[in-house]
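Below, chain A partners chain B and then partners chain C, in two separate complexes.
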Partner chain A sequence: MTFVPATLLPLTVAIPMVFCAVLLATAHLLPSRVPDILALLAALAVAILSAVIAVQAADKPLVYWFGGWEPRDGVHLGIGFSVDAASGWIAAFIGLLYALTFVFAWGFFDRTHGHFHILMLLFLAAMVGFCFTRDMFNLFVWFEVMSVAAFALTAYHLAESSLAGAINFTVVNSLAGFLMLGGIGLIYAQTGTLDFDGIAAAVAQGGRSPVVAGAFCLVAAALMIKGAIVPFQFWLADAHAVAPSPVSVIFSGSMVSLGLFGLAKVSAVVFGGSDQVQGALPALLIGLGSVTALLGGWMALLQRHLKRMLAFSTISHAGIMLTGLGALSAGGTGGMLVYVVGHGLVKGALFMIAGILLATQASIDEIALRGLGRRIWPAGIAMALAGFLLCGLPLGALDQGTRLVQGALSQQGHGIALAATAIGAALTGAAVLRAAGRIFLGLGPDPGDEAGAPSADEREKANRPLWLMLAPCCILLAVDIVLPPDLIAHALPRAVSAFTHRPETGPLGEGPGWLPWFSVAAALAGAGYGLFRKRLPPVLVRPVHVTQSAPTRALEILHSGLIGDYAAWLAVGVAVIAAVLAMV
Partner chain B sequence: MSAVTNVLPYAVAAWLFGVGLYGIATSRNFIHLVGCLGVCQSATYVLLLGLGYRWGSIAPIFYDHPPGTPAVDPVMQALVLTDIVVGATLTALLLVLTVQAYKRGGSLDPGKLRPMRAGGQTDRDRSSDRGRPAA
Partner chain C sequence: MSPRIRVALLALSALILLPCAAQVIAGLPAFGSTIAQYGARINAITPEARHVANMVSAINFDLRGLDTLGEEFMLLAAITGTVVLLRGRRGEGMTGRAMHRPGRAVIPRSEATVLACRIAGPLTAVFGLYVVVHATVTPGGGFQGGVILASGTLLIYLGEGYTGWRDAIRSHWLDVLEGGGALLFALCGLVPMLTGAAFMQNVLPLGTFRDLFSGGLMLVENLGVAMAVTGGFTQLFLEFMEETREAEEPDEPGEESA
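Entry: the complex of A and B
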């Protein structure tokens, strides 16, 4: 019997699902550490299987049709998985992130009958299915499974803040699900199929059609809501700030970027043949992405609640990914894919450090924590390193992704977007470095605008040794740094061509080499300004203070925490996408 | 069929979604808000059924009809069925969250239950509950 790699595809989803069912049935009988071990094994199995699949798919995407319902005579009735190398590696990265999160959360949830692990494994299965599917409706199903698991995990602590955050998250993302389903209905009515390739062929033949544009508008809005793009970003800060820290690792590390990964796939493959959509994409994605990068970075700098700060930083980085996507070139898409992995590793590590502070120092408030981190100085080193990587220190996968995105943007002359990516990264890096300086070095007696930002007292269980929490965090950072750049650069053009179904182009260009250094310098300057405001001459401080105070307050009022406001902004966002599509 | 009956389902769907969204945007009560979300979701039911319907066709069951008889689109029915399941899950989950939020915050007003902001109470006095889900 010969080994057929395609038969592995359903296993990547089936394994976490089966573990999920077994845990649900037996968790109340098992000793308390067994769910931890089983969940860890399942996540590792998914990571290894996905990596094997990705290697096998390097030459040609693997395809698996459930129940043997292969397309006949161009009619697609069955539902299939189709994995190219890029999707496979993204799934492997997600499996690794889950495995390390399970280590980080070891013993975190004691008397829970394994509910945390069950929800997390369901979440993992949904993410992998989302990466692998080639069917629009199947994509929607995974989208919803992912959402429902995420809603329940956000509210896991059942405290007042986390409930309010979870309700906002649930309502906004449910609306995203409805929009997506409406879009899928429209595209099915137009093309008569739900298969990616089938729709792509029908769309390419059909010419300009308002139904196709409408379908894209709805599906893109849904995926951008998941990806936290302005003006859909409001739910993210509420949800990520209040979720338990192991859950926040997964949210920021993979869920948000998966929304954009889905958008990349849908816009390149499914709507690749529609001139109207392709014409609207650069303006839409680069415009929204640049605004998101800047707004997220600025908001991050104004926070004192560490997890909320990291949440806004994720918004900023999602914006940078979107600009890469908007370049509509192999370099931009490839850069975005590398960026997803690099960002997930670094941001996951940062949320773990926030969790370590919550567990060991019983606070998450940057100002309350001033100087308290000295006793756990190794965490401080990791946080500073992660902060430098975040703002663009030329090292590791995140930097490679940044360079590729910036290269694609500068090739096409998008100067403003290029500046936005550099400044957005610098702002988020400045926020993280300022917090690291204040918490671990005790710098900066005078809090500025961030003193008025929302915060809440939180506590997570302090029952784990420091090394157990710090080890997965350091592994994440190490993986980001040691991922071989030459190998990635070599394999990327072919992987992108298989991902976007476009012919292969030559080697991908990188951005100007000084730009990451500019971001690092700007981040250091920003962090220094935040910490030593009192000691700087007033000539420097006053103009900055006068010009930024009013817009700062306006921004904080805008992020009101009121679900009604979020719904109104959602309507505005859909209208913006529709307007850009209509103008092409 | 006439132009009116062709456009009507889409107009109704758009209207329902808009009305539901308006309800969410102005709601002062979480249970009312969950209802509005249900209205938004009905828009997707109407849209999908409108897209799949064929005038003068039978239901897609060929037990007592010869194969080849014009039938409405069964795929859309499958989509609506899944949609209903999703809707039930979401409504149940949101109502659970609402009940828990009411137990802790003593209010159903979204304005009083904003995450981490003034208006809601601080969690300071309940911090001993942290890290442990309620049974």
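Entry: the complex of A and C
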């Protein structure tokens, strides 16, 4: 090939932007399906371009300087993109997720002047820019574009619940923006540059400095807010539960994990030379990650609102990703990167199924939907499969990521974190399998009066045939299953070394083979308990009932939906990060 | 949580955060002690390399043009989001009259107001254009000028009343202006790539230092930003003004918003 692949780099961001500007300028003239087609084409173009770039970046990261401002005499003047293989593949995955979401949402947003597509395309451009940039302030710009687009998309239904969820989301994530900007200001004051490599060099030279630690504290808090890590996680369930289903697919599939992806990059590259930060990371990330994995899973099990259940499951999986990151090893980071893709594919599929239920059965309440899914049984098969994959069925990319994360944790002897990843996955899997059993097989007791959902009536437009909604969902699951594990295992060590700017290590170790099976068995047991509790002997039921009701109630009280509470917990979270940094 | 627990939590975290913050602030370089290497280098290079006197424009539209492109589209997202939120429930009727508060007298607009607006309106527009085109020479630029231009349109509302404003301002045209401006900015990035240069590389003739025509591509980018900001802000004004429109029929929630 004659072209230089690095010249393609800006296109991945520019293409969705150009499509978005054209859509805005001409939407009132375009026939109704054209925005759908244009958005789909843009997303596919981003996916393909990113994949090409990722392939080209396999040997050496591609670097691109915007405006031709290359560094002069070691001073970074302009903004650069730096793409390693891992970042490229993540961007390609995001492009694919968007393309399938546009198919899923085909015709869903009629008569809206393409506003949905405009916001989604900007969301896409921001995510790709976030993956590729090597400049702190530019990272912040994409972080903010992501947030702004996401706020509006959350409130799209304009119902009372969606506006409330969007407000919580907006306030918490705007606070994240302030924290991040403050952190960037600190690191710029200390190092005099914004380029990742420039900062890294200055940080490594500077020795221990409270300013660097403070900058990391603020930036990490901001990214963990995006990544929905306890105690920053509250906004997520409120926002994901009320956003339109196609938007929830993107939120859970990519936005949340992208926050952690950013954290991985920033902590490995930018703050890689700070002993204080590196010393604090394992305790901080593994501790918070384990708590997040358990709390998210437990809360997921308590929900009857399907999308809220899936949202808490996302929190749990974000915690698992964070523990992988906290292992600070090639295996942990590599596992986390694979996990991001695998989880995004499976969780995206699950939110699509929730959308199918909203459209065809006009409800999102697990109890009210009991047995109503029989007519759309293919969706039930997909949901059961996704549930099994979620809890660790040894198949596909999600499983590979899980095993790499668990391998890294067990190598370093983090037994509690290892157990937390297995139990967290089992809990969310149990929640999904229980819902699948109840909705599609009609299992569980007849709800009687309880069938009336406590939440407001919800439904989404039923203007699409089932196959059109089910096809992208099945493609997501299929991609997760057919991603070749050998190729990934082969390419991963080098990709991780390029991603973290650390020398390559040998093949990455995997966790014990029985652990995923344990998660599957525990998930089945949990789902069975949830469905057949009334038929079990009281000897089994009573101890569970007695021990879990108090903590459960406490957890439910914590998730109050009040923004003041969330802000207070946010402050606690920042204080925790600061305290861990101060103790190193 | 009760407010008391909430405050207690905050106080607890402040107990940890305040000493840390004090330590960080103490560790910062003293005020004015150093000029960052980055800033010093940019000040040294840019006037010669880009023939630009307004360093802020040089940073915004050339050195860190990608950030500005991102910010421009962030503005676009924010405005689109506002339109979704406000228009979604209200619908898009055109013929409505402004709402009148029952019981409050409608005082006719005084001729002095009309005259003042008709004089100030065009002047504001000219000043806005001036700020836009002098981006590379004097403080200001596409964003500031665009906001001035947009606020000029508000004088139509003040001087001609709701109906006059609605006749003059068409939402679709604002969309075209906003989208077209953003597109122009994005194309300023892409077109240089056709010549083999980098994205948003300044390939146009740079012009004369301290002249209106200096800075090359920056002038075009400024124009794009000015268009987008004018269109976007006027769109915002329109949506907020429409909140005062008299409802014609009971609104149909959910129909517009899928």
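Convention: the second predicted complex is superposed on the first by the 571 of 584 C-alpha atoms of A that agree within 3 Å, B and C clash if a C-alpha of one lies under 4 Å from a C-alpha of the other, contacts with A are read in each partner's own complex, and residues count from 1 in each chain.
Convention: a contact is a pair of C-beta atoms (placed from the backbone, for glycine too) under 8 Å apart; a residue touches a chain by one contact, two chains touch by 3 or more.
If you're wondering where the values come from, they're calculated on a predicted model, not measured in any experiment.
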First, second, both or neither for A:I118, with chain B first and chain C second: second
Contacts of A:H305 with chain B and chain C, given as first, second, both or neither: first
Of chain C and chain B, partner touching more chain A residues: C
Touching partner for A:Y188 - first (chain B), second (chain C), both, neither: both
Touched partner set for A:S209, first chain B, second chain C, both or neither: second
Partner chain(s) touched by A:H28 [first = chain B, second = chain C, both, neither]: second
Chain B versus chain C as contact partner of A:S560, first or second or both or neither: both
Which of chain B and chain C A:A571 touches, first, second, both or neither: both
Which of chain B and chain C A:G444 touches, first, second, both or neither: neither
First, second, both or neither for A:H157, with chain B first and chain C second: both
Intersection of the chain A residues that touch chain B with those that touch chain C: 108-112, 115, 137, 141, 144, 148, 151-152, 155-159, 186, 188-189, 194, 460-461, 560, 562, 564-565, 568, 571
Residues of chain C defined as touching chain A within the complex: 1, 3, 6-7, 9-10, 12-17, 20-21, 23-24, 26-29, 34, 36-38, 41-42, 45, 62-67, 69-71, 73-74, 76-78, 80-85, 88-89, 172, 175-176, 178-180, 182-183, 186-187, 189-190, 193, 197-202, 253-254, 256-258
Sites on chain A touched by chain C in the complex: 7, 10-11, 14, 17-18, 20-28, 64-69, 72, 75-79, 108-113, 115-116, 118-119, 122, 125-126, 129, 137-138, 141-142, 144-145, 148-149, 151-153, 155-159, 186, 188-190, 192-194, 209-211, 213-214, 217, 244, 460-461, 557-558, 560, 562, 564-565, 568-569, 571-572, 574-575, 578-579, 581-582
Contacting residues of chain A [partner chain B, same complex]: 108-112, 115, 137, 141, 144, 148, 151-152, 155-168, 170-171, 174-175, 177-178, 181-182, 184-186, 188-189, 194, 238, 241-242, 305, 308, 454-461, 560-565, 567-568, 570-571
Complex contacts: residues of chain B adjacent to chain A: 13, 17, 21, 24-27, 30, 33, 37, 40-41, 43-44, 47-48, 51-52, 75-76, 79, 82-83, 86, 89-90, 93-94, 97-98, 100-101, 104-105, 110-111, 113-118, 120-124, 126-127, 129-134
